[in-house]
Every structure is written in C-alpha cells, then in structure tokens.
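Here come two complexes built around chain A, the first alongside chain B, the second alongside chain C.
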Partner chain A sequence: MALIDLSRKEVHCKIVYYGPGRGGKTTNLLYIYNAMNNGVRGKMLTIETKGDRTLFFDLLPLNLGKVNGFDVRIQLYTVPGQTIYEATRKLVLKGVDGVVFVADSLRVRREKNIESFNDLKKNLTEYGLSIEEIPLVLQYNKRDLANSAIPTLSVDELESDLNNELKAITFEATATKGIGVFETLKEISKNTIRYVVKKHLLADI
Partner chain B sequence: MDQKEKLNEIRVFTEEVEGTIDSLFNPAKKIEIDPVTNEVREVMPEPVDEEAVEFELESAPSVSDAPSAEESDSVELDLTLELESEVDSSTETTAPPEEWLRKIQEHMMTLEWEVTPEIIENFSHTLKEPITGLPEDIAVLPDLMVQALSILRSETDNSAGSVLPALKLGLQALEKYISDTDHETKAAHATEAAVKALKKIVSGGQDSRESESETTQAQETVQTAGAPSASDIQDHTADLVAGDTPSLDLDEASLGLTPASEGMGAGTTLAEDIMEHLEVLRKSTEKIAPVEALLAGREGLEKLYKLLHGLRTDLESERKKLCQAVGVDFVPVQVEKSAVHPQQSAPAKAAGHESHVPVNEGPEQLFITHCDGVKVAFLPQEVCCHFKASSKMIKKSLKNGSFALAQLKKWPWSKISKLVSGELASLDDKALQKLTLPVKGFQGSEKASSGEKRWGIALFKNNRGAVLFVDDEPQLVAPSKDSESELITLESLSRSAA
Partner chain C sequence: MNDLVLTAPVLEEARQQIENALIKAGVHTVLLIDDAGNVVANCGQDARRFDTTALAALAAANFGATSEIARLIGEDDFSLLFHKGKKDSIHFARVGPRLILVTIFGDEVALGLVRLRVSQLTKAIEKIFGLDS
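Up next is the complex of A and B:
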C-alpha cells in the first residue's frame, strides 16, 4: 500500500515485478541495481542463489530524493515465479501500487506466461484490486532470442495472449543487456506515482 | 487553500516527480548479466554496431503512446534489411564460424533449460550447416554432436544426464578453437576430450554411470585447458602449503580451479581440509579403541565387539589410504593388546574347547609350556610368577586344592612381593603371606591330581587367581605360525570350573 504522509511529506510506492519463473524479473532488478547511480538506489535485498530461481523475493528501494518538498521513494519487488510459491507471490503482492508483468518470449514458456498472468489477476482480485485499474506495464523479455534459432513467440502472439483486452503499455526487452529495462521502469514509476496521487490525494479534495 | 489551488499543486508535484524519474532512472554504465549465473560484467563502449542498431529498433515500445525508448528512421531500416539479406546469402553457402558458434551456444542454453524434440531438431540443423575453415579434427565434432543429439531424442529420459555434458564439451572445444585461436594446443586437448566423450555416448556401449563419470573427467580436462597448467598451480600451491603435500597439488588442478589466484587459495584450503579430516578420523579411531578394548573378553558382548572392531579397522584403512594419497605418514592408532577378544583373536581354548592362539592378531608374547604333554600358553599380564615345584609341594597343594603363596618363600626372611609381578606385586608382604590361590588342572580340576608336574605357574588379575602345575618351565616367547598352542586364561579356567 502506498504511503502518503502529508505531515512528514513522504510518498512511498510499491511496484512488483510479476511473471513466470525464469522470465527475467530478478535480472531486471539486478540490471537496475548495477547500472544505476549509487545515490538513487538503495541496497538490493535478495537471497543469493547463484543464478538459480528466486526463493522468496527481491527488493530494491529507489529514492528520488526531495521532490517539491516530498521525500519520494519507490520500492521494487520481484516474486518467485514458480507455481509452487503461490503463497509467497500473494504475500508480496499485498499493498502493491504498480505491476510490471515480465513475460518470457520463449515459445515453450507460452503456457506459463498465461498461467502467471491469470494468477496475477486472481491475486489482485483477492486484494480488492483490478488489473484494469492498477498501473500495469507488460515487458516482453528475451527478445534477442527472436533473432536466433530458438523458437520464440512473436510480439503479436504475446499481445494476443496477454494484452488483447487490456491494451496496456508494452516494452520489448533483453534484460540481460539492459534493453528495455529502464524504459519499463520509468513508465511504471510514472504511472504508479500518478495512480497513487490520484487515489490518495485527489480523493481528499 | 481552495480546490483549484490544491489541484494545481498536485499537478505540479506529479510533473516534478515524472521529471525526476526521467532524469534519475537512467543507466550510469553499460553492463551485461550472465543469464545462467546472474554474474554482472561491465561492457566497454564499442563503436556503432549495425546489429545493435537493428535490435534497438526492435526494442522500441510497441504501443504508440508509450515513451519511445529508441529513435528510428528509414535509413537505419534500409541498413537492417541489407544486413539481413547478407546473412541469408552467406548462410546458403557457408556460415561464418563466429555466427554459427553463437547459434550453437544458444541452442545449448535452450537444451539445458528444456529438452524437446523441436529444440533438438533445430540444434541438429545448425550443427549440420557447412562451416568454413574448420580443420579436420575439429570438423568431426559437429557430426558427433548431431549423433549424440539423435540419441538424446530417442531416449530423452535415460540419456540426458550423460549426453548434455558431452555436448557441452563439444561446444567448449568449438569455442576454444573459434574464439581462442592463440591456444591451439589447448584447443586440441579440449577437442580430444570432447571427441572421446561424444564417441562414448555415440557408441552407447558403456554403462551410463561410467559414461557420466568419464564425461565429467573430460570436462575437467577441457576446463583446465583454458586455465593455468597443472604445474603452474602446483608451483603456486606448493609455496602456500609449504611443500607438505605435493600429490595434493595435482588434485587441485584436476578440480578445475581455473584462475591461478583461486587455485592457490583453494589449494591451501583443500590441504587444510584434508588434514582436518585426517585428524578427525584419527581422533574417532582413538576413541573407539578403548571401548573396543573394554568389550574384549566380555561374555555376551561379542557382536558389539565385532562391530566396533570392524568399524575401527575400516576407519584405519580409510585413513591409511588418505594419508598415502596426500603423502602424509600414517601412524596407526595403538590398540591395547588385551583388546583382542579371546573368542575372536585367541579362539581360545576356554578350558575344554579346542582353540588356538592366533598368530597375527594375538598378543605379542606368551608364556609357553606343556601341560600333560599338550603345548599351552598363558597371557603374560595374568602370570604373576612361575616357580619350580617340588613333588611334596604339589602333593600338598593338590590335596588342599589351593596353593598358599607363603610356600614361595625359600627362606623365612625372604619377601614374597619380590617374587611376584603384576597385580600381586602391589600387595604388601603380609597380605601375600596370607593369600592362597585355587589349584586348577589343565582340562579341569578333576585332572589336577597328576603328580608328574615340576613347575608351578600362578595367575592373578582382577582379584581372581589360580595356580597350575605344568610339565616344564614356562618360556616367554613371541607366538609363531608353526607353534600353535592352547591358551589358558583365568576366564577360561573359571568357565571350565563352572
């Protein structure tokens, strides 16, 4: 849940990177953490699994500093993508203000993408949120593989599977090389700030 | 503050936050993340690469109202098209090795992630592409890899464990040759190892476990090929380990510790670890030994004794092997000789049971003599004294069924304590003068009436004693194979009496 403390002039938002296992959620955060200036990003909290899957979650706090007298902070979370970690995913999603859905472009992961997306919808609903309402950015990761012999999904197929009705903003990405990573981050951050301000400040007017 | 003012303030705030996001959320440096290990490496700025331009175009947001990540224009699009057509035309004849290798690397990664017929098919297809400039010994690799893939396709469940490492070896050898031309000798080694592993898979004659183990060994060889040589690591490690464990250094090399610094550090740690393990093994063996000794000779605990004895000997044997492997002197743990269980080591003649003193496992020395013409042995730790016995003394003792130690005195003023050893020697003379020991016979007390004996032997241990009369003077000798004798102990005598 976003925190807007007018007395202390603080705005805190929570963005969750959601998606199937091995899709590149942690890689997104790792890229941001390693490529960004030290002054902006905080310490990344992660359970080191030597390239293996996320066991619990990753957390990367970002600090925008003082904006118009407000201390603005954004916390980036990832969820463990594997199906068995359903409870953890739901827990991490609690109080979410914005979601990046990282879809895997590998053709073999097509079903997993859809399954994870439906899982996201279901979990949001259980928290009284709607996927149509919450800020959402879709990231189609591993697009570099589209130029290789590895069978990949086309952007049209990904759109048809995940974004047919929502028409959310999408980015093609190769998280390992940072392509599309910051574009995704900027977009979801702006959308989330707008959403939070609208929801919490405008509602009071 | 009125509503309009408040709305305006919120709008300004939102715009300022968005502006801050735009200015702050940018990469300060270019990095790449290894998709397998998550290892981060910094990428040095390179001159403009056409392929990158092509990809950047594709990575632009697909929704028109999204902020554009990259700019595009028609000139670059033309360039992309030209590049694609170039690649296509070259593939028809022969693909450049680097491009071909990149595809194989991708196939390998996909295959490691998931094994499907489709992936295998694509992999095989790429391997079959004609490649320029591969020498004959390297050129055999793609063929072998294709064959290995066909085995993988036919028996996915059973063969994946051994085929994948072999394929990886093949890939590593190709990488060595194509991208590391300065190390042709090392590439040759890598190729040899890969060909060997792949041939094993293709021949299919080997047991899968054996094949896996050999593949692993070969993989280590390939890794070592690109790393400092075994002798390099050995030299560095020897300095650190102070030359104590020369044979250990070779093992480190075979462990595939690639960077020299890592090799050195790990070498020291490995040596320390092994020495630590050896110490733990020694201490464990030492702890077992007294318990084993305690159980020895205890009736009803033979199985437990056997178990501990086996455990100790196994540990000792493993410790010995390890010591030999690392070039450290092996010092066996000393086990009390009495720890040898009579029933196991000295298949003791427990008075009345046929048994023989074992040669290798028994005590180092025994008192040997004859009793009724039969060669008998006594444990030195039980023998307190032996003495020449007159027929009068024998008769008297046999009549009473006991032997008074006072009879040992040759003169009224001589001291008995000087004539005895072992536990009896610790008693004072007065106590010894009053002490009488039961007289026992060889096959039991009923046969102790023979008056032919000339020597007496007194046994005493743990407040239990006996005197036997024997044919000749007991001699302390080391038991030998060709002089087996029947062992008489206090234990066997008491069992016999019972």
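Up next is the complex of A and C:
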C-alpha cells in the first residue's frame, strides 16, 4: 500500500525481501546500505537479531530522487525467513508494493525455497494481493557456490521450482560480493514505482 | 488494499485537529502513521529530533504484533496500547482500519487526559480521511 502525498509531492513505497532463512536477504540490504551515500540512504534499522538471524525485520529507507516531479521514497524491508516466524513475516508484508524473493542456491535448501515461496503466495492472498499482479523479482543467490564442492541447484532447477508458471524477472546473485544486488534493486524499484504511478495516473511513465 | 492518497487540505485539517487536541494540551509529539509503517503526518516540536521513519516502522509492527496477540487470546483487538517510561510515555490508538495515532508525552501530562483527547481525535480524523461510516 503506497502512500501518496500530493501536498508534498512524495510517493512512499514498501518493498519486501522475502525468502527462506539464511538465503541472503539481510546481506542484500547491508550491501546496498554500504554502497549508497548518505543523501540516498536513511538509517538502517535492524531489530534484535540473534547471531545473524533476523527475528523481526530489517529496514532501509532510500530516497530515489524525482520521478515525474514526485519525490520517491522507498522502504526496503526483510522478513525473518525461518519457518517458525510465520506470523512476523505476515506482519512485515502488510502494505507491500513490491517483492524480491531471495532463493538460496544451496541444494539442501531446495524444499525451504519452495516452502517459503508458497508461504509468500498465501500471505499475499490473505492481504487481497496476488503473486501474479504484484511487482516481483526473483533473485537466485549464492551463485558463487556453484563453482565449489558444495552441492548447489542449477539455475534451471531453480526456475522449474519457482518460476515455471510465473515467468518473473530473475537475477543470479552473490550478495556477499554485491553481484546482482543493484540489478535486483533497480528492477524491483522501477517496476514498483511504475505500478504505483500507473494505478494513480500520476503521470504516464 | 488501497493506497493512501493524501491531499493538502486533508493533511492540513488533520494537523490542525492534532494541534488543538493534543499539542495544546502539552503533548510533545504526535505521529499519524499507516499500518504499513509510513509517516502520514507529524506534529509537535520533537518530531525532527528523532528518527520518525524508524519509529513509524516499529510502531506499526508493534501495533500489528499486539493485534495478533489479541487475536490469539480471543480478543478482537486491543484498540489502544500504552507504554510508560521514566520520563516519557507513548500511547498508540487505532484510527479507522488503516491508521495509527502515536502520542508521546511527558509525565506532566495525565494519561487520562491523553486517552480522552485521543478518543475524540480519532473520530475527527476518521471523518477527515473518510474512514467513518
């Protein structure tokens, strides 16, 4: 649910990074935070993590400048991926305008990817949204491990598990090194802003 | 879920009401936020002193979590929430289905007064935003 302030000419959108625990959602936000300068990024908020596991959410506000005369403010959130935090994930998803699904390329995480993707669909439906309609980008993370001895999923396998019918835009990523992180962010921001702007006929972009 | 579109007259009217009901009663900060964690309006002198973006995100999440707890124990909703600090206290109230009014005040302001004013104010704000009916 975007917030459109016509008096200050501002648009606020919420983009949520979703996906299984340890998939690399927080790593994406940290990379973005460290790479952006202060004019663009706000303060990053990370709530009470246990080790490096997210318990509630992370928040990174970004100021993306002007689009057709409107100041675009984007809030990036991550959900806690671990299965037990189901209720919290649903809360964080409230009012979402765009979703990045971060899938884990580790073969042992295959079921967790699928479980988390189904959980996303279910939660969107409960908010009256659908995965087909909402701006969505898939990120296949930890691609660096494809060249290691650790068993990983091929991109084709990830596609057939998660993106067979949807045909969403996908990016391969290595979030720890920043590979694919900004490509993902750019695509989801563009689609989300376009989606919100179009809905409200703020201008035709 | 529909997006929230704010216009200058609506915001101005809401701010005016908040000023009259709470700021003039000695409350130092009032934030009107939506349940996605966006700041709709902020009033009072302190609003610029702290990170309102983070405050709004946490307040929305906190309120959402509390509503969920209410549901788990078979309550419809706790329509308000209050935390008392040593110096300052914070009071949250639902405004219509989508907005939350966050009131921060020092110990010189009585909780009873805040509760009374907030309950009158929420009705007024619901009307301004067309959330009544």
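Observations on the model:
In the analysis below, the second predicted complex is superposed on the first by the 192 of 205 C-alpha atoms of A that agree within 3 Å, B and C clash if a C-alpha of one lies under 4 Å from a C-alpha of the other, contacts with A are read in each partner's own complex, and residues count from 1 in each chain.
Throughout what follows, a contact is a pair of C-beta atoms (placed from the backbone, for glycine too) under 8 Å apart; a residue touches a chain by one contact, two chains touch by 3 or more.
Remember, predicted model here, so these are calculated numbers, not experimental data.
When both complexes are superposed on chain A, chain B and chain C sit side by side without a clash.
In the superposition on chain A, A:A149 contacts chain B only, with no contact to chain C.
Measured by the number of chain A residues touched, the leading partner among chain B and chain C is B. Put simply, if you stand at the Cα centre of chain A and look at the Cα centres of chain B and chain C, the angle between them is 80 degrees to the nearest 10.
By the touch criterion stated above, A:L64 is placed in contact with chain B alone, chain C being left untouched. Once the two complexes are laid over each other on the shared chain, residue contacts for A:R194 go to chain B alone; chain C is not touched. Of the two partner chains placed around the shared chain by superposition, chain C is the only one that A:K94 touches, whereas chain B remains out of contact. Least inter-chain distance for chain B and chain C in the combined superposition, rounded to the nearest angstrom, is 16, based on C-alpha atoms. Across the superposed pair, chain B and chain C touch chain A at no common residue.
Chain contact summary for the complex, chain A toward chain C: residues 1-7, 12, 14, 42-43, 45, 47, 56-57, 59, 61, 75, 77, 87-88, 91-92, 94-96, 127-129, 196, 199-200. Of all residues in chain C, only 1-8, 11-12, 34-38, 40, 51, 53-54, 57-58, 60-61, 64-65, 68, 98 touch chain A in the complex they form.
Those residues of chain A that touch chain B in the shared complex are 11, 22, 26-27, 30-31, 34-37, 40, 50-51, 62, 64-65, 67-68, 70, 72, 106, 108, 143-151, 155, 159, 167-183, 185-187, 189-190, 193-194, 197, 201-202, 205. Within the complex formed with chain A, the residues of chain B that make contact are 3, 6-7, 10, 12-14, 16-18, 20-22, 24-40, 55-56, 58-63, 65-67, 69, 102-103, 106-107, 110, 113-114, 116, 118-119, 122-123, 125-126.
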